[in-house]
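This is the structure I want to talk about, given as structure tokens.
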Amino acid sequence: MEKTGIIIVSHVYEIAEGIHRLIKEVAADVDVQVVGGVDIKEIGTSFDTTLAAINNSSAKNLLAFYDLGSAKMNLEMAMEMSDKTVKIYDVPVVEGSYTAAALLQAGVNQENIEEQLEEMHNVK
Amino acid sequence: MEKTGIIIVSHVYEIAEGIHRLIKEVAADVDVQVVGGVDIKEIGTSFDTTLAAINNSSAKNLLAFYDLGSAKMNLEMAMEMSDKTVKIYDVPVVEGSYTAAALLQAGVNQENIEEQLEEMHNVK
Amino acid sequence: MNIDMGIRWMELFNEKIQNEKDYLTQLDTPIGDSDHGNNMSRGMAHVVKAIEEQKPETLNELLKLITTNLLSKVGGASGPLYGSAFMGMMKAETAGEEWAKILKTGLENIQMRGKAEQGDKTMVDVWIAVVEAVENGELTHELIDEAVEATKPLKAKKGRASYVGDRSIGHIDPGAYSSGLLFHTMLRAEAE
Amino acid sequence: MNIDMGIRWMELFNEKIQNEKDYLTQLDTPIGDSDHGNNMSRGMAHVVKAIEEQKPETLNELLKLITTNLLSKVGGASGPLYGSAFMGMMKAETAGEEWAKILKTGLENIQMRGKAEQGDKTMVDVWIAVVEAVENGELTHELIDEAVEATKPLKAKKGRASYVGDRSIGHIDPGAYSSGLLFHTMLRAEAE
């Protein structure tokens, strides 16, 4: 099986860093890449930092989470430019990525993770 | 009409601070109180910092958001100890509090805000 | 139960928690966030420190002190849950209830706060078994161990462990284990 | 359109963006996050700087440079949207299409990326009106202003403005306004 990792794109530096800390507690062995803000101070997202995070992951297969719509657009563009498999989930950024990470750490496969995420769907 | 504010309780200091920054951008005039972590370093939540945040708000009526279940328990205990009206919403912490704040800033009343939040329900 | 016994109970419980801190954290790793040892250790260190500093003179004062310290210092779900338990116990003690009824009120408050039922693989499973045994005057160390062990085959329905669904099966619940320590040391304090 | 006209277009657009930065931010306040002025100002400052430094020699090189700078520097939703527009335009230019068709491809790419339809109160509303007018050789400053103004009574269905629902009614969409500036300056560059 291909290694699966997680990428999180938030508009705010602190949100991304905080989710990273929260997730690492329950998923120490999962590769989690985060991008937050245009930079440490400016709120927003950008295409190139998103692409860099995708490429930076040790995983070939990525589950992607985001906070607001424009982060999703950058994720979409970045995944079109990358040769990794990236799937974007329209679920709550904190709760969704936490759930996915906990399940990945527990060795659950992507299909079953998606079933769990499905219940969270329809919030975006 | 009573002044309505927002309180957000997260397990992580950075998540709380980050959401605060994100929200302030769209809701400069809304009183937003955040509590993140047991302290700046330790992940978790606690009853007394939650109660302090409720009391610290200039608003008498509060819409409350949280990330994981134990934060909700502390919110519940704190609201029982406070004489303010606090209502907890089981919606995504980032997306839900952002939506509520944007609507409060736009002058929308609580009932209509709840209709919007209702669509995000069922993720917790 | 009385004030001296109660203080001794907390000393013994604290000792156990500090000694088994790493094991509690280990239990909280496959099905949680690896902090139950730290959480309980931090909370109980504050409880014994507060006992030394404030020297409670009645059981009620002691229960109140335990409540406030666990609520503000534990940090995890176990904080508001143990806090609610001792708050309920304090109120039942104020009302002049017997110890069995006091413990039962503690359990009720845990369930009111956390909404867990028997079999949800939480501390509630241990509390239910213990309260029933105390009511019948049958509480033993073996019974406590069995109640803790019984959480192992269950699938978690509440708390962080519920996020991993089926993968929670086969592991002892950390909060059940720390509640086990609470009742083991209660028995010991009563016996001394 | 050619390379000199294109560079002039970007200089004029940048001037307008920097001059109207505060107004763009003001438009983004009641229905957004008050950053559209900053976003476009930052993005366009990088575009003109890159033009000076890299001295593009073909229209295609210019369109590519605009694309990459807007994508990485704008920061808001308008970044990937204008970025997608210019990326589409670049590809259509490579394919040897006419200017009207090039602009139309830009519009299609905005819609592919952002999923907005006509009437959703976004920059798309202005692009649709402009593309149609260019196809018919009827683009005027008045037509652009009307298309921008026409976003005012609409309820936003996409982007941050959609969060405030009905409260978005009665305000000009900031992205529609900045697209208006883009096309006003295009007309001017073509006229010079």
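For reference, chains read A, B, C and D in written order, and residue numbers begin at 1 within each chain.
Heads up, the rule we're going with is that a residue touches a chain if its C-beta (ideal position, glycine included) is under 8 Å from a C-beta of that chain, and two chains touch if they have at least 3 such contacts.
None of these values were measured; they are calculated from a predicted model.
The distance from the centre of subunit B to the centre of subunit D, with each centre set as the mean of the Cα atoms, comes to 36 Å. Between the CA-based centres of subunit B and subunit C the separation comes to 29 Å, rounded to the whole angstrom.
Chain centres here are Cα means. That of subunit C falls 61 Å from that of subunit D.
Counting partner chains per residue, subunit D shows two or more touched chains at residues 33, 35, 160. Shared contact sites, meaning residues of subunit B that touch two or more other chains, fall at 25, 43, 68, 98. Chain-to-chain contact here is organised irregularly, matching neither a line nor a ring nor a star, and falling short of all pairs touching. Every pair of chains meeting the contact definition is listed here: A-B, A-C, A-D, B-C, B-D.
Put simply, subunit A touches subunit B in their complex at residues 10-19, 21-22, 25, 36, 43, 67-68, 91-95, 98, 119-120, 122-124. The part of subunit D that touches subunit A in the complex is made up of residues 33, 35, 39, 71-77, 79-81, 83-84, 113-114, 158-160.
Across the interface of their complex, subunit B is touched by residues 30, 32-35, 160, 163-165, 167 of subunit D.
Taken in their complex, subunit B has these residues touching subunit C: 38, 42-49, 68-70, 73-74, 76-77. By the touch rule above, subunit B contacts subunit D in their complex via residues 25-26, 98-99, 102-103, 106-108, 116.
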